[in-house]
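First chain A sits with chain B, and in the next complex the same chain sits with chain C.
Moving on to the complex of A and B:
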């Protein structure tokens, strides 16, 4: 009951924060001038009429109410205008299409990073202050510090370009459809198109990005696990476990690891929530047609409908990840009573 | 057995010493202050010390780097675009590394072009004996030449348009210095027919139009190039004593164009030296120690100016955040209660706005320099962390006895806050302010790398901009991305190690645990 109340309070706070930021953002975007310049051979009056029909020139509160109503009633987040490839397309459809690559890359990299990172961390903690620990700790320090775009470039140059082990760019839909003609793949605009992602060709083409993303997380998990586990290993209940006759391996797996996992597990959960948001830098370097790339594109070409929707999305994912991490502490370890006085 | 069972007679008790007054012994050792102790512990951490050395080196690079080279960020020469890093020492010793050379594997036609340049300018373009391999491509056998190309000398010869005065000044310079800058002009009728090669001054030999409208070299019977210089007819106003071949003037050295303009073929390296001799800017030869980028800007000066900009921005952001955050946090922490609750909600709100949204909206709304936008958005989202830290320290210390004493003695709130409580927080705040610096540099780099902000205006550049341009030439000219990557990696690594050391040093509970 106590927990339930706390969760409700946190969710309520999150909604308030989200609303304030989102409304501010909406108003600030609506205060901007609308760019009605058109390409050669197009009619300006047509564009203005289009904007007028969508109510772009009405008072801002009226526009806001309509915006929210459209989202709730029709799932309509507006239409793309500035980016040539998405001009006139519903924002939501484009967003849906861009989601799978982002999610997949993040999930692959987490699946790769979590076990390796934790294993390295455990190994380093068990070999504390021996050469294995020093090697791992140094590598962890390097990988945590070096920015991801540096590894990304390094990977791209060595593995993909010089050694040609991995493809240089992300496979396009057309390429997948052409590679597997027997499967009769069809690309449907405005849907997830999940079926196009689960094949060898596509998987291999995600690998460079997955590696580049996972190095940093592996190092992060290894450092975290090592720090937690070394602390637990020196605690008194470990001594007790050994005195009552458990072997070192038994004591470590049954007592130390479980306790060390308490702070590690929430961060893993947090990572899985934020798989949606992805990484702008990685998506840019590897040319992944994901949400990050779309956001960047929308920012640089000043496409306001896309900008509003994606900003709201990123904001929501960020807030939700923070909330889930906080709550999972309480769920995993009942001793921690969140928000207790 | 009970305690009173022991009976000790009174005479068994003797005074330890009589007469003298007893004093505590004076301590022989010097007292260790908090900062002294922190410094000692920091100095014992080897990794942090090494990191400090690297940081000092990087800061020095940023401060004095731009003065170490005669180039400026604004200077560019497209002829020397993409040249590779060159250390004159390595070049002189012939070490095939960092000598401005690039290992190339090209077909025979391209190789012959480089050989022609070498023959024309009389300096090494091909730095070693080429390794010839046969390659079969689509049933056709062709020879591939693998060799080291001097990217500086490969520029070779260029056409420049000069008016008569400039042309004569250049001739005077030739006579004065005794160098051949102007080379004989080629016969316009015999220049290559292929459209793309018509203005290529490096083709001084006879060519014909080969298959696929490509320029093909014509050799004489001995396999040598056949020069197509324009024979001397005395119309070129060439009065210099420097002659290309022998003591007599065999060829024309300039070609009149409409108006008062002469088309002159110059050895570009010598012409470059001449131009900088005129400008007097201290550049004595084309030499880019870290190479040049796609526009022909010197990467050393770009990187060090970018680093300088990043450091200045980061230090300003860190100090402004520290200042505002400390005041805000002090008020929150000291007064507590309702004031704290309201102020804390504001902080929560600000801290949860994604940085990307702040910077984008600022960019859309204000048409000012991106430096200002960057600074404002770092400030808007950055000071909350400092405020939180100060608040924590205030909560820890505000109910301690000495604060109560001060209050009882009638000290005003402001005095208690900044004279009595705040000094306790300084250690933590300074540590975290220092660690803000790499964070700011990293964000700035990422943002300009992503192209969200553009900090490169003619005379200014940033590390992120260099990375972003370098990315486009990753496969062809990796040196362009190598140096900024190396800089940012070293910076992040050393600041992380430094920060760890600082954090441990300022943590008194770790005292004596290392031994």
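Moving on to the complex of A and C:
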């Protein structure tokens, strides 16, 4: 029951936090001066009329009420107005169409990076201060220090260009439709189009980006796991486990790993949530039509509807992730009870 | 037997030779064989795909609302033209460089029908030409779905273009530019209440206004009228009073600012009238008389309702005739009735939408929005083509494809036989140049711009070609001395930039040839405001830079004595813009003057901030070059070791920050109006556009003699401010003379264009460095019809593009090269 109360309390606080930040974002972005400049010989009054008709010169509270009413009543988050490439497009449609590739490459890279990273970390911890540990630790330092766009460029050049093992860019829907005519795939703009992502051709085209994103993560997990496990392995309860007759492997898997996972598991969730915002550089290099860069461009272009929708989404995801991470501690380690006194 | 054997041997050898020759003939050059393919054009049964890339995705290729160049990428394929340019050929069938011909395309006839619309309704003056045109369409025009296109479709589209409920982004194309349709502006603005410039309309004097009980003047009908401090005014050449505040009475300006509302409007009262009278009565402003005070007012005006029948576009006598009545004349026809270059420039087409599709894609206003919008031409389903190609797939941010539109009228035209070989066009969105470069080498993209990083290796490639641009990259030097002084700190001097000799020294201290070699891929040294892409007489191929007047300007500015050369052309060729000895003399002179005036101390360092919109490798390289050049310039002068330059990022506000005096040096230039150099000078003389905004072009006086423009060909000598000369050159309202392109021969206008260019260059706020050329590589797969750039036709585009490989052969060719094509040679 105390857990239920705790969750309710956290959700209540989440709503308050969300509202305060969301309103602040709206007010701040609306306080920015509106750019009504036009090109050589164009009519400024036409631009002003456009802004006026969209209610941009109305009092901010009035605009906010209208904005919220539109979302609640019609599910309408507005349309792109200023940002090149997305003018006149419903912001929600653009977002949901661009979200799947970002999610997919991050899930794939997590599926690839987490087991390898944790395995390497466990191996390094078990071989602490032996040559295997030194090799892994050195490699970890190298991979953590090099930014992912460097791997991306190297992978693109070697695997995709020189060796032609993988495609040079992420596959387009049209390519998938042409490759699998028997499946009668149809692309519907403004929707997730999940059905177009789960095939061999599309999967292979995600691999360069997945590899590029994984190296840093593998190194990160390996280092973290090694550090946590090393500490746990030297704990007194591990000695007790061995003395009561468990083998080293049994003691490690049943006791050491479970304890070491307490901080590692939430970090996996945290990383997954953070990657929903996409990787601007990786997506740019591999031609992935994902959400990376969308938020930054919305701010630079002063595209209000895009900015507010993305702010709201990431804010909500961030707050929810915080709650999920906190609750996950209890799942990993039953001794931890959130909200218990 | 022996003879038989000999015969057999000879035949066998002959056969072997023939087979060998045949084999050689059939073998393609592994790196492409230009010119070998036959010109079968659109009737060629093989598949030919042209692949290219964009860094940003188009989003809206609706002709009524498009906003950027990515959108026009799609529009170019799915639309057609009434009139087009084409190459001009000599008697041997060779393209004549730089020349063009005009051709009818979607239209079959163009007639000047101004005489039929003379009178009050349309405002066409008697005995005038160029005000009304009748365009007769081909009768086989069709949409991609087979629907016929008639004149009423163009009229419907124009009605939608000007629909006041939409406020379409491109509506002003028909009332602010060269093509101004009668009543177009009134139709689109009907019902709107806007502030109108009193100086433009000349509607009110103070006596016309009504004074209220509160002492505030209003229009006679009670609607408000204000003084405008931040609104662009025609009387200020499109700039605002605030832009010119440095030349106006400071006290009066401050008082008016104190009374202004958030929009910069000041109520008209006796007190504010007195303040404005004082504001404009200064030496720097030429002591304007009190009767000019109303020119600084704006008044509220509500546009009346207009019937579309009163807008100057309608169907003619037949269903294939469009009649267009213009508010300003256009010379679309030459005296002999043939098409002038302006036909394809100003009237290439009118917007056209497919009525049923457009209506189906209208979006009604939502909560709190009074505006209708449209999703027409934003996806495959909402797109309809009447051009040579149709959109067949579109994935935003990733890829789109176009394929041949078999319903295009052009494929029925005999003159297009052997042309339009391209069957399919694939556009990929690739934001990263390095990724695009790998795709190009892997045969997945058919063209790419050469980046500086690969320029040394690829500029000499047989597949490289160079495209000139009308852009002249110039160094802009800060003109606002007050701001320069304000940013000085102890030991740091900036205001020496205010010394003309110092600026001239900075200009002569840059080796432009070296700069372009080291800092650009393929640009050439630039010396003037105009380059070889600026035409003063398009019809006759008159390039401004090639005239004696223009050449003399550069000789004067860069100190080349033309009399020592056989011709002005030779004298111009001797200009390098780099004279270190003279530059050092000027630097020393400027320093001594400033030292004597107490503007710089003997131990001050000249520290200049070079601003940019972003700090990229290219920008850093340029800044480093300029810094090194100026530090070398100072060697042996009192400023040796005392000049330094820093690079700073001013992001998207870099241009406006420079104009506001926030930093000292930037690279900037203008593009556009390449066929109207007289108008283009606006960028360098009007404070609304100028980088060196503090340079007072209104009151910089020039005495000049215009030869042969007076009565009976007499000369006219005048002393006027540069802006006034500019107004005369363009026949602006209120100008003392009308020497606009329609009123005076181009050859005579030249002398004034050249004189104004010399004035701008002579103050050294703008220091031209590069005439921009872009370098590109073209794939072995395709070839252009010419690699000599033609202003009107480019390289011939898809119409003339030929393929050396069909899709299958190209895939095989790339595979044979292990997926890596070599473009170095």
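As a convention for this text, the second predicted complex is superposed on the first by the 289 of 341 C-alpha atoms of A that agree within 3 Å, B and C clash if a C-alpha of one lies under 4 Å from a C-alpha of the other, contacts with A are read in each partner's own complex, and residues count from 1 in each chain.
The definition used in the following text is that contacts are C-beta pairs under 8 Å (C-beta built on N, C-alpha and C of every residue); 3 or more make two chains touch, one makes a residue touch a chain.
None of these values were measured; they are calculated from a predicted model.
Within the superposed three-chain model, A:253 lies out of touch with both chain B and chain C [touch as defined at top].
Contact with chain C, but none with chain B, is seen for A:84 once the two complexes are overlaid on the shared chain.
When the two structures are aligned on the shared chain, A:157 is found in touch with chain B and with chain C.
Between chain B and chain C, C contacts the larger number of chain A residues.
Look at A:187: by the touch rule set out above, it reaches chain C but stays clear of chain B. In the superposed model, A:234 makes contact with neither chain B nor chain C. Shared-chain residue A:53: touches chain C; no touch with chain B. When the two complexes are overlaid on their common chain A, residue A:19 makes contact with neither chain B nor chain C. Touch criterion met: A:289 reaches chain C, while chain B stays clear of it. Shared-chain residue A:69: touches chain C; no touch with chain B. Comparing which residues of chain A touch chain B with which touch chain C, the overlap comprises 153, 156-157, 161, 284-285, 300.
Considering their complex, residues 56-60, 65, 67-68, 70, 167, 169, 171-172, 175-177, 188-189, 192, 194, 232, 366-371, 373-375, 378-379, 393-399, 401, 428-432, 434-435, 438-439, 441-442, 444, 652, 672-673, 689, 818-820 of chain C touch chain A. Residues of chain B touching chain A in their complex: 348-349, 352-354, 356-357, 360-361, 364-365, 442, 445-446, 449-452, 467, 470-471, 474-475, 478, 481, 485, 488-489, 492-493, 495-497. Against chain B, the residues of chain A that register as touching in their complex are 13, 17, 20-21, 25, 28-29, 31-32, 141-142, 144-147, 149-150, 153-154, 156-157, 161, 280-281, 284-285, 295-296, 299-300, 302, 307, 311, 314-315, 318-319, 322. Residue ranges of chain A in contact with chain C, taken from their complex: 40-46, 49-50, 53-55, 58, 63, 66-67, 69-70, 73-74, 76, 79-80, 84-89, 94, 97-98, 153, 156-157, 160-162, 164, 168-170, 172-175, 187, 189, 284-287, 289, 300.
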